[in-house]
Amino acid sequence: MLDRPLSPPPVEVIVAVTQALHCEARLLDNEDFDGWLAMLDEDICYRMELKSRRFRADRSPPLPVGPGVIFNEDLGRLKLRVDRLKSGFVWAEDPPNFIRRAISNVEVVARPAENEVRVHSVLIMHRNRIDGTTRVLTAARTDLWRGEGQAWLLVARDIVLDHSVLPDSNLNAFF
Amino acid sequence: MRFERIGREPDYSRYMDLKEGWLDRRIFSDADIYEEELYRIFARSWLFVAHESQIPKAGDFLTTHMGEDAVIVARQADGSIRVMLNSCPHRGNKVCFADAGNTRRFVCNYHGWAFDTAGDLKGMHEEYCYDDGDIDFKNHGLKNVAKVSSYKGLVFATFNGDAPSLEAWLGDFRWYLDMILDNEEGGTEFIGGCIKSVMSANWKFGVENFIGDAYHAGWTHDSGCRSMNDGMPFPPIDMENSYHASVNGHGWEFGTEGVGDLVLLGRPKVMDYYNKIRPKMAERLGEMRSKIFGSVASASIFPNVSFLPGISTFRQWQPKGPMQFELKTWVIVNKNMPDDIKEEVTKGVMQTFGPGGTFEMDDGENWENCTTVNRGVVTRHERLHYRCGIGRQIEHDTLPGIVYRGQYNDANQRGFYQRWLDMMTHDDFSKMPTRPEPRLGNVAETRDLPGLFAL
Amino acid sequence: MALDIASLVDTGTGRQSRLIYANEEIYRQELERIFGRCWLFLVHTSQIPKPGDYFRTFMGEDDVIVIRQKDGSIKAFLNSCTHRGNRVCRADRGNARAFTCNYHGWSFAPDGALAGVPLENEAYFGELDRSKFGLVPVTKVSEYKGLVFGCWDANSPSLEDYLGDAKFFLDVWLDAMPGGSALLGETQKMVLGTNWKLPVENVCGDGYHLGWAHAGAMSAVQSMDLTGLSVGNSGVDLDGGLSVAGMNGHMVLSALDGVSGYAFYPDPKPILEYLEANRQTVIDRLGEVRGKQVWGAQVNITIFPNLQLLPGLNWFRVYHPKGPGQIEQWTWAMAENDMPEAVKTQILENQCLTFGLAGLFDNDDGDNLAACTEQSRGWRTAQMDVYTNMALGRSGKREGFPGDIAAGLVSEHNQRYFYRRWQEHMMAENWAEVPTYNINSLTAQEAEHA
Amino acid sequence: MTDTATLERTRQGTAASLELTHALAQTLYREARLLDTENYADWAEMLAEDLHYHMPGIETRYRRDKTDQVTDLTRMAYYNDSKPEILKRLSRLETGTAWSEDPATRYTHIITNVEVELTENADEFRVYSNFYAYRNRNERDEDSLIGNRIDIWRQVGNSFQLVKRRAILKHNVLLSKNLNIYV
């Protein structure tokens, strides 16, 4: 990953990808899941790994089958999640929870190809829940976006959640 | 003044055995014990409320807490200081919302009741709606505390009319206090402003840490020490020539090498300054005290004030429930220091003992974990070890108080908890033991003492 | 004021007072009489395979370190320094030669011994009796086929006796295949605003909610017929499974088809192949009943008070209470060591998909449990009762199985036994007053036959 | 409001080009990412030798009280640091004995409301931004620090260095035990 700001900054790409990220957040806030799925590349790899708190110098080896994941989704599994949300049986989302995503720090960190950018961004997810409480989750994301004509498609997303104990009773939400 | 909860005959002695050197952990988390502390300790002790320099002019005020009671500290036209509850006698609203300022009146937001800086009720919005005889103006002012008194710039107040004089309360500890309050002509002042932070820890952990815990410094603060001192760890402690001294629950642990805390401040200019005034300090306070000042040292005034002589952080641990306190941090400097030295001290304090300071960042984590681990019903019944140096008490010709040799010691901590126990178990203030019997007596100035103490 | 525990639960009619979900005083007594007394799950041996491997967990609200010793045994200690009480370990897991307290640097060896005291001679003049200031050990630690439990009460029965006939079902995971069992993945931790008993009763016996609460998830991922249950609870086959209780407070729900545990795998083929390939081995080891009918089926096992494991769906879960209205829910994926790597990976991923932090099923439960708790806090609602009175009095003996058994997965038979056990513990001053019972015990049945 | 500010800058001739605005925004985001990942070595390289880094402690005061709480450098401040002083603080993390930072804290810095304007120095730019710095450590220990910053960034070759930062935290009582986080 190129770790310096591109100079000069690819202003048009930055603006276009920022718009795509904002658009994506808006679609999700509005529960327009089909609109969101349409922004995903068919080879999408959408991941959020489980993390534990370890001492920096800890010597124990990695877990045999890996740490496990909160999300490790391809397009099929994302569709499956969306199908559930649209099934009409998800009582936890009825009435809907109010979710607002704030996207910031949209940083183009690399441009592996003319029509591809690696983008780092951070997200605050403000969830006003059915029970009247508000939960705030924060996360950082590193994405790969591909320009296809006028549109930008999400090809890969790695999400790092800042919580070691999830402070909420579910994650019926996409980051 | 007596309070409702006094006399509930709790047996607090079962929570500790200071001769054996252990404490029961429940005193750090139990809600009932905490309530009793508010009545028996915070409502009866002399509590630090301000430094005179924070409110120099008539009408200057600041707001703070005595225990969990919100109070206003205000300078009067005659130069005296009054301390009163920050709560309107009409419906109880807070009457002053600012941390500090200057005013002629405190006016309640709710119905406009107005009080002067002495707390006297002077008028209200739509005063005509009360009939004659509805309000006795004299008896509806802001409730003043029982006593206010100063010692060399530090202003204390107490809700307790039966409390001894402030001089008697501080007792022989004044001999030590003068090292920060009176080491140079002109006295001291606080740098403007106050930094406040919140920790999920019992208030006593902060106090006991500063009162005697030199032991944690080399471990907890290894990273802080190395960052401030060019990669060097804490220097070894000279256990022959360092001490714990405890007076009525106040305590000061110290070396006599004169430079340790000054090194940790990481400000060569400040070191130079003190080295320059040290001969005068020796004339003023005697040889011994001029050698103690600046050494590796820390101190607390019972119940909830702490400071580091030399590093110049001055702080108060305000209780906010059994598992929380608010830490208020100031910087104390000599009034006659040049401005650039004051600036150096201030920067040094915030770099070491501010919330982003290289030392402070490691303390809170410990105290929080010492406290919150007691949520476990098995854990909270386990005892803690306070026995370090229990056999090393000495009589010292020069040093007043209950003195132990060797800076690595739990002696001052035991002294603090002894006083805690005394206050929790004695309803009658006059029957509370003085520990130890005072040497200074009624001498007003510790430097005017005859004989040994002048050394 | 002494709590009138007898009035809070009536197992005869299936009534519980809502106070038990919200009252502070009841909660404090639970910490002492249930969490301070019962055997509590600490760790699976697969999670700390090597000497020095440790895992941090809770027993009630007490913070505990579980660590593998040099000789291979396992010990557990309060995670609290004996000097000022600080937590000595703040990592979730790892490998360590010692635990050193941040505050003063006292360090403790893996066996809990106080091994290092900075400035021991300078500060303590060598007079500190180190042997008295080791980490406080958990009174008893014992293992059953990979599951390690700890207990604070010296007078408790042995772990084997405590588990009683629940071992019959535990073995369907722990001892089905010669390679034994393992837990997979990092701990999935979540805060839920619920009383700890509600998720326990939900999983210990409540097949009833599945077709309703999880209808959305079932419609999304169900790939085969789950005997006895369906979306919307229509067409329930009440003889498709068993509700088993009366085993020292432990409960089991079990389907009897040998495959339905994998009904919520979008692609169950690899795992079905594994089941088929090894079925005979398991029958040889555990007999026809367990090998044919239970192994591979959906099975919910509840070990009183706060451990639940579901071989088949393959999730393993502990609830740590954090006050009357809050828990931390810790989940792992379960596997058999003989499973091929690909199957283990699939299990881990599917567990996360269905019952992980963003799990399709789990996401349905949290709010229900939280609301049941919240609705017990009102002045008026707290005076109300709730009921577990489905299929009262319709239980008995079933050939080949231990326990008092009700037909079907949709019953409230198990919940009643859960609350009965809760009441027994809460009323007992000590272990001697806690009854032991293994109804229709197989050993007794065999003796009868003989 | 933005329009007015933009117009004002255009009138004063201090409006920054689109490219410059983005270049500095990207720089702020990179800085945030370095802090999130505890990459303090690279962060320190973004700091100019003549850096002044200031975060005042703010008291609650009545409006009529004209005490300068923000720019008066003689008052108590969380930070009032030069670059060597910042480096000294950072050196604590390299000692290997900063116990409270192990296990590591998780951070996210959210930087937003970025405005760029030209200054009288051709190579220096004033950048306004807001920060939301979130941290989570241990099990449930979490803090949210929110405030605004006024920076001066200096162009050095193709990149920028931070010359001045005044970060104004909106807390009166810091609702946390410490500030092991830079904003």
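A, B, C and D are the chain letters, set down in written order, and residue numbers restart from 1 in every chain.
Going forward, contacts are C-beta pairs under 8 Å (C-beta built on N, C-alpha and C of every residue); 3 or more make two chains touch, one makes a residue touch a chain.
Chains and their UniProt names: A = 3-phenylpropionate/trans-cinnamate dioxygenase beta subunit; B = Ethylbenzene dioxygenase alpha subunit; C = Aromatic ring-hydroxylating dioxygenase subunit alpha; D = Ethylbenzene dioxygenase beta subunit.
No experiment lies behind these values; they were computed from the predicted model shown.
Novice: Which neighbours does subunit A have in common with subunit C?
Specialist: The common neighbours are D.
Novice: What chain is the most remote from subunit A, judged by the mean position of CA atoms in each chain?
Specialist: Farthest by centroid: B.
Novice: Looking only at C-beta pairs in contact, point me to the busier pair out of B-D and C-D.
Specialist: Ranking B-D and C-D by C-beta contacts puts B-D first.
Novice: Counting only Cα atoms for the centres, state how far subunit B is from subunit D in Å.
Specialist: Averaging C-alpha atoms per chain gives centres 34 Å apart.
Novice: Calculate how many whole Å lie between the centre of subunit A and the centre of subunit B, each centre taken as the average of the chain's C-alpha atoms.
Specialist: Distance between chain centres: 50 Å.
Novice: Would you mind pulling out the distance in Å between where the CA atoms of subunit A average out and where those of subunit D do?
Specialist: 26
Novice: Touching two or more other chains, which residues of subunit C qualify?
Specialist: If we look for residues of subunit C contacting two or more partner chains, we find 90-92, 102, 191.
Novice: Counting only residues that touch at least 2 other chains, which ones in subunit B make the list?
Specialist: Counting only residues that touch two or more other chains, subunit B contributes 220, 362, 365-366.
Novice: Can you list every residue of subunit A that touches 2 or more other chains, as numbers and ranges?
Specialist: Within subunit A, the residues that touch at least two other chains are 53-55, 164-165, 167.
Novice: Touching pairs of chains, which are they?
Specialist: Taking the chains two at a time, the touching pairs are A-C, A-D, B-C, B-D, C-D.
Novice: Can you list the subunit D residues touching subunit C in their complex?
Specialist: 99-100, 103, 138, 140
Novice: Which residues of subunit C touch subunit B once you look at their complex with the stated criterion?
Specialist: Where subunit C meets subunit B, its residues are 28, 31-32, 35-36, 58-63, 78-87, 90, 102-105, 118-119, 122-125, 127-128, 133, 136, 152.
Novice: Okay, in this complex, where on subunit C does subunit A touch?
Specialist: 50, 53, 90-96, 182, 184-193, 213-221, 231, 266, 328, 332-333, 335, 341, 344-345, 348-349, 351-353, 356-358, 360, 362-371, 374
Novice: Which residues of subunit D touch subunit A in the complex?
Specialist: 18-19, 22-23, 26-30, 32-33, 36, 42, 102-104, 106-112, 132, 134-136, 138-140, 142, 144, 158-159
Novice: Could you pull out which subunit A residues touch subunit C in their complex?
Specialist: 48, 50-55, 58-60, 63-72, 77, 80-81, 83-85, 87-92, 129-131, 133, 164-172
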